[in-house]
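Each of the next two complexes has chain A plus one more chain, namely chain B in the first and chain C in the second.
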Partner chain A sequence: MLRPIYYVAKATFHEAWRRRFLNGILVFAILMIGSSRVLMYMQPGAELRMLVDIGLGSIRFFGLLIAVFMGARLISDEIEKRTIHTILAKPVSRGQFLIGKFIGGVTTVWSNIAIMGVAFYGLVRLTAPRVAAAAEGESWVYSLDLMYGRVLGSIGLIFLELFVVTALAVTFSTIFSWILATISTFFIYFVGQMSEFIHQLADPERGATPVAAIVLGTIYRILPHFEIFDMREAILDPARPLPWEHPAKVVIQTCTYVVVVILIGYLFFNEREV
Partner chain B sequence: MSKSSFARYGGWLMVLILLVLLQPLSDSVNYERLIYGLVRPMPATRLVEKDFTVVPGVIAGAILGGFREIAAAMIWMKSTELWNKGHGTELKYLSMVRTTTLLDPHWLEPWRIAGWHLAYNMYVEADKIPDPELRAKRKAQYMQMGVDCLKEGISWNPDHYDLYFELGWTYFDKVRNYDEASKWLSHTLQFEHPEYIERIIAHAYERKPEMQKALDWYDYCIKRNPADGTAYGATLTIHERYLTAWRLMEEGKYDEAIEEANCYLAVAPNNILPLHLKAHIYEQAGELEKAYKWWSVAGKTALNAHARERAARLARQLGKEVPPEPADIMRQEQMAVPERKF
Partner chain C sequence: MCFRIRRCCAIATAIRTENLAKLYGTDSEGRPVGLVGLTLEVAEGQIFGLLGPNGSGKTTTLKLLLGLIFPTSGSGEIFDLKLGSPEYKRRVGFLPEGPYFYDHLNAVELLRFYATLFGMSGPDLEKHIQELLELVGMWDRRAIRVRDYSRGMLQRVGVAQALLNDPDLVFMDEPTAGLDPSAQIEMRNVILRLRDEGKTVFLCSHLLKDMEPICDTVAILSRGTVRRLAPMSELLSGDSPRYVLTVAGQSEQVQSRLASLATEVRPREGNLEAVYEDQGAALNAANQIGAAGAKILHVGPERRTLEEVFVEVVGGE
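Right after this comes the complex of A and B.
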């Protein structure tokens, strides 16, 4: 049962790495991460915060581009080019095909994130001690060891975030053409960034009507909450504790959500005429 | 029901069950994010409450793409450009600075500039209003907005010296509320701070007047640095000129205290410290009319909002016509609405 999934995933991974636009995005992302060393001086007195923000922001943003543009084409391209018939003619079920494609897509995204993460982490290790030394005597107090750990934690959360994005893109690609799948994934991503705002809108104490409270409340419950993957607020602040239970919960929540999304994708894909 | 439709409905049921099971975990994660301070402090959507035109498309894209600090820096640069072109007192400039604080509330500089800009520049800008009552009201509003802005900045950055000092200084220098000034300046002492902070606190007590507390703070300054000439000189001045009157007032010998205060007033009739002392002694003696008169005299000296506010407060107590004084309006409104939002 697992062998077909492995072969589909492996083929997807290799095919994705051959796509030039993905390689281009990766190169551009690394250039952007490198330039954060210069751009951090845009905020005098808060250089490290700027460095962390640009670096992690770049990884998220370019990782998002890779996840969406690649994920949205994984299934729809196979359908549009009719190559799916060749694969499904072999002893590969639709479920195995979908999971294999998803795993191949996720490993591609994660490998890209890993490369960007290593580049950024190296940059932080090189730059942070110098900035912290220059800031000595000012009111900012940096705990470098804590910061390094939390930067790694944040990169880990980006892995999880793009896990969800890839799942969404793959699921949309089972339903729509790749263009529509791309637009839908971006839309859900941006709305998911504002899920807390939707939650507030659904609050009757803030003036939501009963109907609005139900509709918006349901949307909030169904939407992915992308804010949970962002811990930039705590990276430089030693006063903010982060017990391990919290990331563990985020991992469980993410994995469950991905299972839900892929299951929905499977249900649509299973019904679809190819 | 066929096998395929059973699988289909079973699949959707599974999706529903998983989504329902996910909710308590999701709520718990969101709650913990709030507790651990991981929540992004200012949702980008709050920007719509402000002047949205200051956020061009590129910057809005940067915000949504997760580059919030870059967006803040870009708006900050645009606001600086506006300032350099002489448009610093326009509402657009204020909206830009405020948007910067919304986008990156842990960047101290925009908070400082916004607070200073409101309490100082916009305050002076209100001089253009011809109606004195409206003018005083608008000035009070700008001072209050400056103070509120700095307080909000502190709430996002409680572990940093800068905004405590800025707020303390605004109270000391602009609002002339010496109680609040000494309170907020005292908060800066928990951080590494320059030597003059304790001296400013002492000055605040001196002007209030609270001579004993002023002496205590000067005494601390001298013990910390015996070469502190300012603290040494101020201590000598208080001892020579005001301490006798202060002690007599504490003993309830108000007439003698007034006579003592008059001794120095005869030499320097426009010096605010003996004027404040004299008014304060009358207030302690319960002679509110005379206290009002002397606070009013002190209030005629330049920039003495503290005396004018005290005079206005006494005028209200005595049923007199209250002159429009921004510091007084600010205090009244603060008493009516303790928490305000900028």
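Right after this comes the complex of A and C.
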């Protein structure tokens, strides 16, 4: 049962790495991360903040592009290009095919993030001690070990965040054409960034009507809460609270959300005519 | 030996459908579009041709049989298993029309990928892949990526992937379309070889000249309905009692003698063909013409071409 999943995933991974478009995004991301070493001096006194903002921001942004543009094409392209016909005519169930495509897509996204993450972490380890040494005696001396740990934690959260994004993109690609799947995924991503704001809007004490409270409350519960994956603020300021209480809880919640999203994708894909 | 087995035992059914329908709405005249209630049985070990004009429902039928789309109504079984079930797909091969494959792979990588979906691996697989690529004449071109293939190369590799699992039943959608004449002959030979090995071949095509010499049984589909379903020999001989006398050459003298006795005289492939209302008249004419020195090539029941039958069945649709 797992064998077809593995081979579909492997083929998906290899195919994705041969796409020049995705390779181009990775190269550009590495260039952006590298350029943060220079751009950080644009804000004297806040070099590390600039370094972290540009570096992590680049990983997140370019990782998002890879996850959406690749994920949204994973199933729809197979249907539009008719490559799916010869695969589903073999002893491969639709469920196995979908999970294989998703795993292949996620491992592609994660391997891209791993390359960007290694580049950025290496840059931070090289740059941060010098900046900290230059700032010695001033009021904003960072705890470097804490910072390194939180940089790694941030990269880990990007892995989780793009896990969710890829799942959404793949699920939309079982329903829509790749263009619509791309738009839908970006839409959910950006609305998901505002989930706390939607939560506040749904509060009757803040003037929400009962109907609005129910609608917005439901949207809040369904939407992925992407804020919990962003801990950039807490990297340089140990006093800042993390956006979640326990890391394990974030991992479990994320995995549960992904499973539900993929299950919905399966329900659609199982009924879809190819 | 294979023949004796067929004679002494009940022939198993490879495909069975019962009022299988896939409707896509109605046309401007209110007629249903799609496949309208297909009922057929395909016995194992034969070449079955599903013929029909473009849009008659051939590819829809294939997709239904492979579980790629779902029926609006009716049912079907392949090797006694419900349509769409992954179990029968272990015994099935499929060559789609104008096959589409992962174009970043070469022929060997592509076959290796498909083979893994059947759980095949190891040195035996590599040997099997080589045999298949040699069979379809692609071994010398195995390193070329699919994206650089011509239509003919795609079709050849498509055949190879359809035969990877040594299937008992092979579905082929327009297998000879887009091939040059020699490749068409090769393809027909491959299909005949499959039947000789005891496999069932289900062909969908509108290229009647390619289907006529190889199909054992034919269903003619038009507007989603089976208009004729019969063994090829029965279909071509028809119900006509008429006999045909074929004489070598097209000399005017022979032609005028034939015309005096026959219902109809027509030139065919450099010879003359005279049609008679019954066997006696044909034999009588053959004796007279033969005595006059003309070379008699053939006397026998009138046999139509598949094209003629097709036009008669489908008409102007």
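To be clear about the criterion, the second predicted complex is superposed on the first by the 267 of 274 C-alpha atoms of A that agree within 3 Å, B and C clash if a C-alpha of one lies under 4 Å from a C-alpha of the other, contacts with A are read in each partner's own complex, and residues count from 1 in each chain.
One rule holds for everything that comes next: a contact is a pair of C-beta atoms (placed from the backbone, for glycine too) under 8 Å apart; a residue touches a chain by one contact, two chains touch by 3 or more.
What you see is a predicted model, and the numbers here were worked out from it, not measured in a lab.
Partners chain B and chain C, once the complexes are superposed on chain A, both fit on it without clashing. Contacts of A:Q43 after superposition: chain B is touched, whereas chain C is not reached. Residue contacts after overlaying the shared chain place A:P4 against chain C, while chain B stays out of touching range.
Judged by the touch definition given at the top, the superposed model places A:H85 against chain C, while chain B stays out of reach. Touched residues of chain A, counted separately for chain B and chain C, are more numerous for B.
Of the two partner chains, neither chain B nor chain C is touched by A:R206.
With both structures placed on the common chain, the touch criterion links A:I222 to chain B but leaves chain C unconnected.
Of the two partner chains, neither chain B nor chain C is touched by A:R125.
Seen from the CA centre of chain A, chain B and chain C lie at an angle of 160° in the overlaid model, rounded to the nearest 10. Remark: least CA distance from chain B to chain C after fitting both complexes onto chain A is 12 Å. The interface of chain A with chain B overlaps its interface with chain C at residues 271. Those residues of chain A whose C-beta lies close enough to touch chain C in the complex are 3-4, 7-8, 11, 14-15, 18, 81-93, 271, 273-274. Considering their complex, residues 7-8, 11-12, 14-15, 18-19, 21-23, 25-26, 28-30, 32-33, 36-41, 43-45, 64-70, 72-74, 76-77, 104, 106-109, 159-162, 191-192 of chain B touch chain A. Listed in rising order, the residues of chain A touching chain B in the complex are 39, 42-46, 49-50, 53-54, 56-57, 60-61, 137, 139-141, 190, 193-194, 196-197, 221-222, 225, 227-228, 230-231, 233-234, 237, 239-242, 245-246, 249-250, 252-253, 256-257, 259-260, 263-264, 266-267, 270-271. Within the complex formed with chain A, the residues of chain C that make contact are 63, 66-70, 86-87, 89-90, 92, 94, 96, 99-102, 104, 113-114, 116-119, 158, 161, 165, 171.
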